[in-house]
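A, B, C and D label the chains in the order they appear, each numbered from 1.
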Amino acid sequence: MRNTSLTLYGESVSSRFLIGSALYSSPAIMQAAIEASGADWVTLSLRRQNPAEQSGHSFWQQIQATGCRLLPNTAGCKTAQEAINLAEMSREIFNTAWIKLEVIGDDYNLQPDPFALVEAATELIKRGFKVLPYSTDDLILAQRLLDAGCQAVMPWGAPIGTGQGLLNKYALKTLRDRLPDTPLIIDAGLGAPSQAAEAMEMGFDGVLLNTAVAKATDAVGMARAFKLAIEAGRLAFEAGLMVKRQTASPSTTPVGLPFWHQKPSV
Amino acid sequence: MRNTSLTLYGESVSSRFLIGSALYSSPAIMQAAIEASGADWVTLSLRRQNPAEQSGHSFWQQIQATGCRLLPNTAGCKTAQEAINLAEMSREIFNTAWIKLEVIGDDYNLQPDPFALVEAATELIKRGFKVLPYSTDDLILAQRLLDAGCQAVMPWGAPIGTGQGLLNKYALKTLRDRLPDTPLIIDAGLGAPSQAAEAMEMGFDGVLLNTAVAKATDAVGMARAFKLAIEAGRLAFEAGLMVKRQTASPSTTPVGLPFWHQKPSV
Amino acid sequence: MRNTSLTLYGESVSSRFLIGSALYSSPAIMQAAIEASGADWVTLSLRRQNPAEQSGHSFWQQIQATGCRLLPNTAGCKTAQEAINLAEMSREIFNTAWIKLEVIGDDYNLQPDPFALVEAATELIKRGFKVLPYSTDDLILAQRLLDAGCQAVMPWGAPIGTGQGLLNKYALKTLRDRLPDTPLIIDAGLGAPSQAAEAMEMGFDGVLLNTAVAKATDAVGMARAFKLAIEAGRLAFEAGLMVKRQTASPSTTPVGLPFWHQKPSV
Amino acid sequence: MRNTSLTLYGESVSSRFLIGSALYSSPAIMQAAIEASGADWVTLSLRRQNPAEQSGHSFWQQIQATGCRLLPNTAGCKTAQEAINLAEMSREIFNTAWIKLEVIGDDYNLQPDPFALVEAATELIKRGFKVLPYSTDDLILAQRLLDAGCQAVMPWGAPIGTGQGLLNKYALKTLRDRLPDTPLIIDAGLGAPSQAAEAMEMGFDGVLLNTAVAKATDAVGMARAFKLAIEAGRLAFEAGLMVKRQTASPSTTPVGLPFWHQKPSV
């Protein structure tokens, strides 16, 4: 069993649920969903601030009203340099060294570019950032990110926004087994609380998601559902799951007939 | 979205988690686990009362101390007549018309015998029992049980004690879709809270299990994990899950460059 | 390893692929596909003979031209009596005691009705039929059919026409393991040759299908693909599949550096 | 539908099954299995030649006796430089510019190292090799290999020697869809002919494997099983698989009662 508190770059994080701030049907629903999620951290992107609509400022205020810490991301960046530039701007604007590093390698599956990701992570770590890299489930890539100085890795479950869940459990299990001391947070692709619970049962340290909450019919209810599921999965991991069996095993072991029948009728 | 309270034979049940009372490492752990589960109902078998060890009475007292309602079962019965007899004895001893009806058709996979199950259910309904039949995921079998007067059906997820989860989601989904107004409770085969959450997300009305809690390293922690997962799954069902997509979709839609870049340089 | 010839009711069957005769885009394509399949047996239904169109006779002639044996079925029958009547008519018209027994329990998933199926099988066996019952994957149902005198059982992979493949491999594996000496033929639900190969690798004795061939873009090519896949799966079953491993294992075990390096440099 | 002949670096390959030469219980069985496979190409490693045992020469003769072309591999290499060196030696010894490029990134899962793989492929292409890179299922990695000049990519199904099959069908399907004109050969991880058939049904251009044949109880029978399955899968791909359906669809559409009943009895 592992320690129940999650530590990232030396800082303790109380909730294992990290949540995104995009795609909600209204700022009020976003705020309520974030609160229902119990998250400590909310990711957001500088790119969403549109001054033409003067929406940026109020959007940011809504998030701050939740009391969560801001975790800027580099969503939409396609090269290491672009991501580095946006990280620097985010550090200045949001006054934080934390960055969720995304370097997208493909416009269709929105997967991380392993090569540019390592390049950007290496540079950002040098510049003093606390980098949380959005990664694939490739063990070698994870090791390179750790070699670059990252103190956590965030493998995807599935492509962003698909809700497909944990597509490659074998690879994820390998990551977890081989990097037992690295904080590993499943980032992207989850569509249902049961999938988040399963990730936690496998021993992952946290879950980051956005679409599955924001695109639910009732985003606030779904945020709470994920909160409970993530707690459930973590609890189950700590409590030690039963071992699967191939063959049935009775939960009730009969001791013969009901007891009064065992008495001699005398 | 469906009504959030579960009604069985006209009675409202507050928790959607029904729990078993076998296989715990001690009566004290059983009691603590049942309490942690938040269950209203606890299944138990007359067969486990062994008067030679005088264990029956104290076992029963332990369960009663939890404040839960007793749901006697006919675990281990292999014929309709045997099950009917045990149901009658259970009604007398436990002073309840409720019965979880098990008629086992095979010693190895412990599956229900569809034929004997319908026979026993038909007779027990006639005799005034409130029958909760442990069933397979066969739609026709479920319909026969309803025809016999059962007001709920309890399909298995997998064979008892295996922890394999929802083996045939297609069949279970068919059951749920075709019997939208029948309380359907997944009974047996679940091994992890994520599986219970998934059952609830699919719209099942409740979950009954025993082994996955009793055989966990920490049964009390696992009982709580299942409680949360079942709540999470139900909440998610009510909140409306996002639709799965085949292709990725960005959660952050860029509005071009970060906002201060959009300002004219003046 | 099991004997490589399939025997049904004492008669040897040379091909393990049984094929249906419905849904083809033309009689000529049907005939060519059946020939490409290498099947010995072709199922057909009296119900498809429509004398108003005088189509029945020519359809039957097309099938006879393939040289295959006819296996009449009771497709579309919903009660035991209906199936028995159609079987009797088929015996008379087609001059054969063989019958593929279908008793459909539900108009939507077209599943067998376990209760009516046993009833019809029992009666038809008494009347001297050689019954091949279309069944679910329920072990108890299979045992009842054997008790009734059936000498083979045909469990479904998935509902007719869905192409979903082997939906419940656990149940199918249980059937195979528990009934090692019973000819078991997967009937319905397969959509791709790989699925047929997998069924054969699991030790099933044959495959019966129709839609996946008839609804392929090129039915004749697909018939041949299934033929090869079924042979491949059977061969693999007999050749003994490697055991799956959780961890990687090199196929090439290095003996150090390439060989000339091992020579002393002198 | 795609052209039925596979072309690699401008050369036509008649069999879509490429086979390995390691792990067989004897050279005679290896030779017989390779012949039964119908493969044109056999992979082998310089590393396996052990002159101390004088086994290298006879081993190579056995392979040449099959009439297959030799495809040297760099199994066991862990750095780009090591792989490049071994490729050069192989070119000299085996007198071929073809190389199956493996650069292993991890001793436990034996996965390709994406970074070193691209580095080695880039250099080898420059030096005039015809590189067939053993890759993961990562789309970006595949694109980098193509950018480096590779004219084919060989994604894994699962880690070498595990027999786990196609672990991430989503990623593989993405690869296939996004690189429609690139020869893609599934290399490693397959354990059963049904898995090879499925890969071919998905549109992959070929299959390379070793362990599943060599470690079968009867390697020669299994080689033939894979041969048939790969042909079956390819045929099915070309013939156009039926579309999967969620709901059942009768293969036999009744036209009412059997025909003589429709006639007036007169």
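Quick notes on this one:
In this section, contacts are C-beta pairs under 8 Å (C-beta built on N, C-alpha and C of every residue); 3 or more make two chains touch, one makes a residue touch a chain.
For clarity, every value in this text was computed on a predicted model and none was experimentally measured.
Residue-number overlap of contact pairs with C-D passes half for only one option from A-B, B-C or A-D: A-B. Between A-D and A-B, more contacting C-beta pairs join the chains of A-B. Rounded to whole angstrom units, the spacing between the C-alpha centres of chain A and chain C is 45.
In whole angstrom, the spacing between the mean C-alpha positions of chain A and chain D is 35. Work out the mean CA point of chain A and of chain B, and you get 29 Å between them. In chain B, the residues that touch at least two other chains are 108-109, 111, 164.
Those residues of chain D lying in contact with chain C across their complex are 1, 20, 22-23, 45-52, 56, 73, 75-76, 86, 89, 108-111, 159-164, 191-195, 197-198, 201, 210-212, 214-222, 224-229, 231-233, 235-236, 238-260, 262-263.
Put simply, chain B touches chain C in their complex at residues 105-106, 108-109, 111-115, 118, 136, 138-141, 144, 158, 164, 167-168, 170-171, 174, 178.
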